[in-house]
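In the two assemblies presented below, chain A is common to both, partnered first by chain B and then by chain C.
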Partner chain A sequence: MIRFVLGRIGFYALVAVVLAFFTLPLLWLVTAPFTADPTYEVRVPLPGGGRGDGGTAAFTWDNFRAVLEHPYALPSLYNSVLLSAGTAALVVLLAALAAYALSRVRLPGRDALLYVLLLLSSIITGTAAIVPLFQLAVELDLIDSRLGLVLILTGGLLPAAIFMLKDFMDSTPKSYEESARVFGASPLQIVRHVVVPLVRPGLATIAVWAVANVWGNFLMPYLLLSDVEKQPAAVITYTLYTEGGQANLRLLSTFGLLYSVPVVLMYLFVSKKYGFRFHGGIKR
Partner chain B sequence: MAAIELRGLTKVYPGGVTALDALDLVVPDGEFFALLGPSGCGKTTLLRTIAGLEAATGGAVVIGGRDVTGVQPGERDVAMVFQDYALFPHMDVADNIAYPLRIKKVPKGARRGKAAEVGARLGLDGLMDRRPGQLSGGQQQRVALARVMATQAQAFLFDEPLSNLDARLRLEARTFLKKLQRELGVTTVFVTHDQAEALAMADRMAVMEAGHIRQIGTPAEVFQRPANTFVAAFIGSTPMNLLDATVRGDTLEVAGCKVPVPASAEGRLQDGERLVYGVRPEYMAYSDGPADAALAGKVAIVENLGASYLVTLDVGDVAVQAVVPEGREPAVGSDGHAVPRRDRALVYRDGELV
Partner chain C sequence: MAQATSPPDAAPGEDARARRHSTDAAGLGRVRAALFTAPALALIAVFLVFPALWVLYLGLTTYRLTGADAAEPQFVGLDNFVEALWDPAFWDSTWLTVEFVLGSAVVGQVGLGFTIAWLLRDRRGPLKRLVEGLVILAWILPSAVVSFLWVALLDRDSGTLNALLGIPGFPWLLDHPMLSIVVFNTWRGTAFSMMLYGAALGNVPPSHLESARLAGATGWQQLRDVVFPHIKGHVLTNLLLISLWTFNDFTPFMLTAGGPDGRSEVLAVHVYKVAVQSGELGYGAALSTIILLINLVVAVFYLRLLRSKR
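After this line comes the complex of A and B, so read on.
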């Protein structure tokens, strides 16, 4: 009994330490943008704080003004939205069609194909393929083009997306579709009326996953987009330095906050709207 | 309304399982037809092949005089209730019922009206804007039925429509379904592995084994005169006594006792022939005292069936069962005598009825 209690205490102490390890950067992210001269410490921004009394700092909105005035900060967030929304839309559309076909049609060697695809996916967006991809983009005149970047990112995400969605579709019973088929629904009607609503949580998951992936991708846009005005937030973050070559913590922290908020909001929205509810209707 | 006719229907699955083996069957217009058989005998495959969800490997499916063997499911004018009901979880009850009409491009107002009408008929009013997940098993089953009714198809196919209901509800649903089919008069094929269900509901029935039909007939025919020992053993809530017998003149020697040759087999047996003698426990007259032409032994087990008892006698080294009315049940270990009814006893030669 004592051992059990001690074990529990030890376990929770460990959890607390791990939690603190992950929480501190987050705390810094939500406090630093509101402090007058951010450091690497976590300090509570208070009006009139920061006069030597430890743990507090002077509260200010100035950092946000600085970000607004930065010529590339806000446009880069817009670019990020454009890139990730475009990629997510393409990935969801193409992955859904491919996954549906792969899940419902028996092909010889289907599983082998899927695993090869999955293997390829880690190569396409991986560093190894950078040079050929760059050359391909140049040849196709897709260099320094957002469309080109969206296509390449889509290609990179598709295999894993197909893999995940196929798994999801495999677990939805076929009898829904067969039932609609006997009532005379055409294949397209079956997809629209039955399949899409049924796998909507899966589609939402893939969309969120694709957005998060593109949102955080640095290497691809850094290499394929040379025009600063087209670059997304992930790339712009690396340009936020002071004239002295030091990291500009005021801009960095504030921009970092603005950069994370949309993704967090998206997660909350999607999980509230689609969650992972399943309504039943198949009697088991 | 239409008759369903199967001619030499064969289904071989990729991988080599022959689920249906040259099946011939005619279900006349308006009939309530049961397909009965143990799990894995090909019942679902048969229904799916009629519906067009599986392509026949050989033979033909004819519905209402039209050969539909190569026709898409949606154009066969049949409606099917799946074993899991397959109600669309993202649509409410009304939309589920109205779905076949949506496919037929009936305007929204009209189809909700029709759904309400059919739903009311099946006692679903008040549930029309619930999701399937918010319904009980019995209600889901009725929604599935309502959806099929809304199609106004020529024939209905039900795959084990009652197997997902609990025992009590199943009895109610049985009566309900039979009444509904009678009122609608739509040709209906339903599949079940429960012999009591098939006997209770069907106008006619077929008993299947491993892709073959072993007997077709009315429930009374199948119950009273099973065409072979497979059907004999499968039908009946208490299994039929199937006992090895030898012909001795105009009697049969069964487990060391002598019983007369059954009326139906009279004059068709050869002296000394070895056969199987079959008689249902319900068709045995039981007495404590000695009786003529009885199977006599010691009472081994007495089981309560409610209004009657199932008595198992050890006759020599074989077990013989008889149903005894309540109040007359014997004590375990006492002597018992079971006299088979001569007009209900049967003999099987090589597994087939003589």
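After this line comes the complex of A and C, so read on.
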């Protein structure tokens, strides 16, 4: 009995520590945009607050007005949507086809190929390949092209997406496909009507993962888009950070919040509708 | 049950047709399978494999962002590599990267991710959703935003951490830059490990745990003898992925910019400083090649461990 009680206490203490660790950094993001003249300090925005008493600050919507008036803030969010939706769609489609084929048909050198590509992608998507990617984009006339950026980002995300989806596909039962085949369905029909519904949570997870990746990607758009009207929110955030050598905390906190809300909503929607998980995990 | 659902490896002497039928359930055939993989492979070839090979070539030249070497880079063979291996800054950076990967990925993310998954394994309901939601939030928020949140959290004069600890003026990012980015990256990346272990723990048959408990095994013994053998494959794959991701992560730059005095200049940041800020593109490419080789060694190490478990 005592062991049970101690176990419960230990459990809740650990959970409380975990919750505190993950909540603490987020407090600033949900308070600063609503406070007049925000600093790095977390203060609770209250109407009439901030009169010398510690911990509160005057509540205001002015910061949001300032962001709305900024010429590139809202358009950059639209650019982010275009880039991440385009990349996610392409990644999910191409990765699903490839992962299915690799999961069901034994191609020579399949596993070695997957690991080599995975290895390459984790390095090349970082800072290592910025020089050749820039030169390639110049040669192919893809500078300032959203499509070009989408293709480059897709190429970088595909190996990990295929890797994760293949494990997902490996763990789905094959009996449905076999019976569909007995009834005369073609392979493409089987993929569309049998396999896709089975792995939908996996596809949703990969889509969210791809969107979150592109949504936060700073380096590639910074490198490949010089037209400020095409730049996504990640690059615009950076310009707010360095404006006049000092961070503009009003714009930065408020724009940061607006920039974060779409990914959070997307995650909530997808996790409610499809479940956000690695079905059966990653094996081998 | 990881093993039961995956296709059995080719057993010698087994009838080849029966084996094909058991894996190729939709009757795809090799030609269609190749067609299915072709578009993905084409994009990967152009935008991933080609730049990688180009990096290998640039590493052998004196290519620079500006000056005479920008127009006509000289081919210098392995000079850049020799220079890197004699450069103390490179070794400092490598050592910091090892610390960063071991601290934030192997200990931080795996440890915390597994702990959370283990704590919440039999739970349903709002507490589980809240914890998982917050951990995943840290993972999906844009890095430009989270790095700034941590700058605010760790700020020496009005940051939340110093206010809570009652030590105003303590400069975390200056006095403990490595600790700061290790804890930051743990916070940032735990979600992946947590979700992976959550799924893996679901694969451990409850009957095995039950019988271990009836036999009087302690929690630790259950973990070691029942759970771990079942999820060993997941642990190694997870370690492989997050080690590589962390090794090449550029986000620490946004917190400390590699400083002070290069004390948090991990290799990804070092390459950026050499290639972009100093404009030494050839030398930077050689550093990238070395990073690629180190990653290859890490990957082969994990894959050997994976193979030896079977």
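Simple rule for what comes next: the second predicted complex is superposed on the first by the 249 of 284 C-alpha atoms of A that agree within 3 Å, B and C clash if a C-alpha of one lies under 4 Å from a C-alpha of the other, contacts with A are read in each partner's own complex, and residues count from 1 in each chain.
Just so we're on the same page, a residue touches a chain if its C-beta (ideal position, glycine included) is under 8 Å from a C-beta of that chain, and two chains touch if they have at least 3 such contacts.
Here the structure is a predicted model, which means the values were calculated and not measured.
After overlaying the two complexes on the shared chain, residue contacts for A:184 are found with chain B alone; chain C is out of touch. Judged by the touch definition given at the top, the superposed model places A:219 against chain C, while chain B stays out of reach. By the touch criterion defined above, A:120 lies against chain C but remains apart from chain B after alignment on the C-alpha atoms of chain A. More residues of chain A lie in contact with C than with the other chain of the pair chain B and chain C. Once the two complexes are laid over each other on the shared chain, residue contacts for A:173 go to chain B and to chain C alike. In the superposed model, A:4 lies in contact with neither chain B nor chain C. When the two complexes are overlaid on their common chain A, residue A:105 makes contact with chain C while staying clear of chain B.
Chain A uses residues 106, 173, 175, 178, 180-181, 194, 278-284 to touch chain B in one structure and chain C in the other.
Chain A contributes residues 106, 173, 175-176, 178-186, 189, 193-194, 197-198, 200, 278-284 to its touches with chain B in the complex.
Put simply, chain B touches chain A in their complex at residues 14, 51-53, 73-76, 78-80, 82-90, 99-100, 102-104, 131-133, 137, 140, 151, 164. For chain A in complex with chain C, the residues that touch the partner chain are 11, 14-15, 18-19, 21-29, 32, 39-42, 94-95, 97-98, 100-102, 104-107, 115, 117-133, 135-136, 151-152, 154-156, 158-160, 162, 170-175, 177-178, 180-181, 187, 190-191, 194-195, 208, 212, 215-216, 218-219, 233-234, 237-238, 241, 247, 252, 256, 259-260, 263-264, 267, 276-284. Those residues of chain C lying in contact with chain A across their complex are 2, 5-7, 10, 20, 22-30, 32-34, 36-37, 39-41, 43-44, 46-52, 54-55, 58, 63, 112, 115-116, 119, 127, 130-131, 134-146, 148-153, 155, 157-161, 163-164, 187, 195-200, 203, 231, 233-234, 237-238, 241, 244-245, 247-250, 268-269, 271-272, 275-276, 281, 284-285, 288, 291-292, 295-296, 299, 303, 306.
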